[in-house]
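Encoded as structure tokens, here's the structure I'll be asking about.
All chains are identified by letter, namely A, B, C and D, in their written order; residue positions are counted from 1 within each chain.
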Amino acid sequence: MFDNSQQFASDNYSGICPEAWAAMAEANRGHERAYGDDQWTARASDHFRELFETDCEVFFAFNGTAANSLALASLCQSYHSVICAETAHVETDECGAPEFFSNGSKLLLARTDAQGKLTPEAIREIALKRQDIHYPKPRVVTITQATEVGTVYRPEELKAISETCRELGLHLHMDGARFSNACAFLDASPAELTWKSGVEVLCFGGTKNGMAVGEAILFFNRELAEGFDYRCKQAGQLASKMRFLAAPWVGVLQDDAWMHYARHANQSARLLAQLVADVPGVSLMFPVEANGVFLQMSEPALEALRQRGWRFYTFIGAGGARFMCSWDTDTARVEALAQDIRAVMGAA
Amino acid sequence: MFDNSQQFASDNYSGICPEAWAAMAEANRGHERAYGDDQWTARASDHFRELFETDCEVFFAFNGTAANSLALASLCQSYHSVICAETAHVETDECGAPEFFSNGSKLLLARTDAQGKLTPEAIREIALKRQDIHYPKPRVVTITQATEVGTVYRPEELKAISETCRELGLHLHMDGARFSNACAFLDASPAELTWKSGVEVLCFGGTKNGMAVGEAILFFNRELAEGFDYRCKQAGQLASKMRFLAAPWVGVLQDDAWMHYARHANQSARLLAQLVADVPGVSLMFPVEANGVFLQMSEPALEALRQRGWRFYTFIGAGGARFMCSWDTDTARVEALAQDIRAVMGAA
Amino acid sequence: MFDNSQQFASDNYSGICPEAWAAMAEANRGHERAYGDDQWTARASDHFRELFETDCEVFFAFNGTAANSLALASLCQSYHSVICAETAHVETDECGAPEFFSNGSKLLLARTDAQGKLTPEAIREIALKRQDIHYPKPRVVTITQATEVGTVYRPEELKAISETCRELGLHLHMDGARFSNACAFLDASPAELTWKSGVEVLCFGGTKNGMAVGEAILFFNRELAEGFDYRCKQAGQLASKMRFLAAPWVGVLQDDAWMHYARHANQSARLLAQLVADVPGVSLMFPVEANGVFLQMSEPALEALRQRGWRFYTFIGAGGARFMCSWDTDTARVEALAQDIRAVMGAA
Amino acid sequence: MFDNSQQFASDNYSGICPEAWAAMAEANRGHERAYGDDQWTARASDHFRELFETDCEVFFAFNGTAANSLALASLCQSYHSVICAETAHVETDECGAPEFFSNGSKLLLARTDAQGKLTPEAIREIALKRQDIHYPKPRVVTITQATEVGTVYRPEELKAISETCRELGLHLHMDGARFSNACAFLDASPAELTWKSGVEVLCFGGTKNGMAVGEAILFFNRELAEGFDYRCKQAGQLASKMRFLAAPWVGVLQDDAWMHYARHANQSARLLAQLVADVPGVSLMFPVEANGVFLQMSEPALEALRQRGWRFYTFIGAGGARFMCSWDTDTARVEALAQDIRAVMGAA
């Protein structure tokens, strides 16, 4: 039943990690107050405040689409715009969710550098391009950490971006669907990669790092959180049995399982990259920093790989394939994949 | 840690039932395709089609707020209106979610009969009250089964309503947060209580009957489901690890656990009602049909009950208290509550 | 072609007054900058600031639906609610426009006193009824001056309301579709009836007092106007040839034509009321203060009146008829109407 | 007061033409029913049906922002997308209005050919690029006739586009802000340029061709117009004194003034182009077909032109200047402008 070959298609193909599961089991004892007025929600929130070394406001939403879109909507009015990378998930894969939740805020696409990152220059260019009333007024910058192409913003890059934002009167939001992987790669503290670098709101993804559902939204600038509880409720993102969204966070945060798993995912990616580094005809499209490996290979080679049963995405342009590692990636499967890549390239 | 006294506050204070839990555990094996393209989603959908004896379209959303609001939005344009009971949950407890998801559809409140139900007459009165362009055009009727006051629409009542809807050009939607309890009370088939009685769309609640998250949306009129997958995605209601929303449904549907639990909840409510039937000063506000008991008692008596540690809602008017039973309500606790009600009334 | 009998159906059945027309003609000379960057818009804005004795922010919208809805949307987030009279035009005759522009803000209906006015008590009751996250959070009170039933808030009534609003953290908006008539009736200054009494935003109606299109939105609290220009543009309410919305205001404001006409409309209404005061079977439903007369008469009498060609609205309940006077109401027609009322009642 | 030098900045800097003015004056006699239930609205609608040789549904909105956005919203659900040229006015100059009115529909930008037009290939490329649920589903194509760069779609081009749309299941909408100029250039009938070529909905602009406010929305596919009256009302686009939006259309349509003026504007543009055709350093960026002339000149030359008092837009890229002619463009001013262009280029 379990299809090993799908293991590299997406990190959300993975299941629930033992720590999250155990916490859910523990939370599943008897009755508890609903809508977040329970002990697990309180505990999870405290864990976040401790982990981030600050008294942030914490909310939970069911998935990343909603978490990011609600966060952006809370920073925007409908006539504002959001500056994002042309490769940003909110632009390419949310079916217009940011526009829906904000009732019309436009996403303005900024070019990225060779590593798929926004730069102060790119932000400034977009933010200053139009200053008239006939075009939505830029109000927020959103960056993805780690990026959609597996790279990671360094603290100094974040600081340069947040300074540009401050100067231009823009809020700074971070889509942290793979924030764990960024922390693991840099061995930097969550605080350093967020509010200490000027990030005002973080959507911290749990789903891709061992949970079933449930992303956390952290407002480091507490004033921006005003009314966010109502916003979540109205938008269908307030769980009645909230403990089952919160408990898994307690599970993965209390003994650093989140970091452990993120490291494993990153290492798996690095291993795959290393194992195919010397294969002729295969090249890395982006540095392997987080848990994704983007390989440039010929189309026939990719097809041959598919014939061998492997599943992966190829949305990055002709001949580009994405292999994602997750919290439970099997090292033997990484080696098998690497071997098959070598094999199909040899045959080509 | 587990506070027994909260057991009657709400049926969403309860946890996850064993069958749902076991199915989640089974689903948590290895990797699975995301976004509903997995075997569990297919299996759950098939279970629904079998249970409802029809080839309906099946979708899953995270909670009832979203399920109902998305369903209504799919039946409406922003300038349409939705006719509902003045006590309907979509009106009283969703923080404007239907208006948000539909971008402005107005809820028109129809008076209910003594049992908290809509009638053809009440619907007709509201639907025909205004026919001009300056008022939102009625387009949908939504009814709650079982109702918010614990009563249940009979098949002939549903048929009379759906005939009125058809005549007036209105769609018919059912909020089935406690649909299980209605089926259990009437011992009627899900088909009879829905499409066979003219219901076009049902939001079938799982949370209040033993699940963690996840409501099912069933379109019996398949044409109405066009684009609903996109609608869910855009509105942040498409789970990436969908198997964890679908598997619990497989768990509770495959061996009729859903019916078993609903019966238990209903019986618990009936027991409570019976045990206090002869207590002077206590009267039933509504017939006890589903899993809720609504008692009229003096305010001091309610306060005395609170002093003894019991938790319950009192939103039904002065001196009205709601006691909800759930899939895991403890009979001993029902008896203890009844005894305390008798005690506080005796003291009063 | 011109049907005199329609003269009392609505004050928006009237045409453009000479002063507005002359200003439009004058504005129609050659080319002018678009989108409000023209001299007429500047002049009209200055006229408003002078008239209201304060440096308010001034915007123009095409009609009252948009002016009021945009103003409310600027004071609300989607999860907020707006407290209004159950008879408020935004509730009864805007087809859900406030909900649409705000993306879902709910209107909460407060009961009115015998004169169709909101009171501090009614506002407080609604504002404090629900304080939980499951119901939209009250954020704005909107009052209509003059009211939909032809009565007028006194300065002390406005002050009492605004004090209640301040205490409860609510903004205060005034729908001034017939603000002119209120000023004329009270002989009070526009300043006294707005910001000096705590009103933060006024939608000042021009259409019902001699203009073709174009309502003015005045923010006395300038901070609340942030981004309102973008909001208007995005919502399709920024006129390219703005001079034709602004010039008529210059026309009616510069020599107090607006006051002159409002007085005439009010006097016409008063005359009608006086002329039928002694007719048996006819009674006033509300005091005649602004430009509307609401008469209680038997249904057969109303029908007989219609047979004689008169047009009027009867939405106020059984046997209630509304007769509206306008800037150009013909005194002879008022007398003819009064005579016919007397005649049909005599026959009855 | 009248600044001649602004005459080429925009065609909406012009005023109201005599025919529109006279009709407004005629309409301004006595009282008339409101909200479109008047004789002028009926007459204007009939004129459109006669002009377009078909029984189309006719609506009026205040401006082009609203007309186009409402039309698109009526063809879309929020999760759909609209394919438009990267230069389309709805994308570049409506401040997110289409996204606002549709509650989130995304605009997908298709590349244009050298004449600023969409092609079947470009439409197909965008429409087929993404077919998954994570990206808004293409539902409408909107084209601007005449285009934003002054070119005009030929009937055979329109037919090729509409065939592509039909094949791909897309609706076809035409933004006709300068539709008159397109008809005048091609000497083609309005019917031929719209429904006979497969256009389903046309927004016919009046403002840029001699009116004060008011665009007409014509549904050739009448089924698509269902509920559009309610949509206009809710969105603040139903004029109470509708006669003043409709009468000007009667004025310009009844004796073909609209065509006369469009021809004049086109001829003025052509004249300007001819007069500078031999000026060294000046080149046409696009063929001059409608009423705009796009000149490529050096930045210093443009600056020198500004010094001489001329006003024009330069949003088309470095060294590109747009000169718009209108219904009342003065031939002497065209010659003066041409002379100054020659002069500044000679100096450069």
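In this section, a residue touches a chain if its C-beta (ideal position, glycine included) is under 8 Å from a C-beta of that chain, and two chains touch if they have at least 3 such contacts.
The chain lineup, named per UniProt: A, B, C, D = L-threonine aldolase.
Remember, it's a predicted structure, so these values are computed and weren't measured experimentally.
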Pair of chains joined by more contacts [C-beta pairs], B-C or C-D: C-D
Of all other chains, the one whose Cα centre sits farthest from chain D (L-threonine aldolase): B
Computed distance of Cα centres, chain D (L-threonine aldolase) from chain C (L-threonine aldolase), in Å: 34
Chain centre separation (chain B (L-threonine aldolase), chain D (L-threonine aldolase); CA means) in Å: 50
Between chain C (L-threonine aldolase) and chain B (L-threonine aldolase), distance of the C-alpha-averaged centres to the nearest whole Å: 42
Residues within chain C (L-threonine aldolase) bordering two or more other chains: 78-79, 94-97, 100-101, 103-104, 133-134, 136, 230, 233-234, 238
Graph class of chain-chain contacts, one of line, ring, star, complete, other: complete
Interfacial residue positions of chain A (L-threonine aldolase) with respect to chain C (L-threonine aldolase) in the complex: 35, 77-80, 103-104, 133-134, 136-137, 227, 229-231, 233-234, 238
Chain D (L-threonine aldolase) contact footprint on chain A (L-threonine aldolase) (complex, rising order): 78-79, 81, 92-97, 99-101, 103-106, 133-136
Chain D (L-threonine aldolase) residues touching chain C (L-threonine aldolase) - in the complex, by the definition given at the top: 1-4, 6-7, 9-10, 12-16, 21, 24-25, 27-34, 39, 61-66, 69-70, 94-97, 100-101, 103, 207, 212-213, 230, 233-241, 244-245, 326
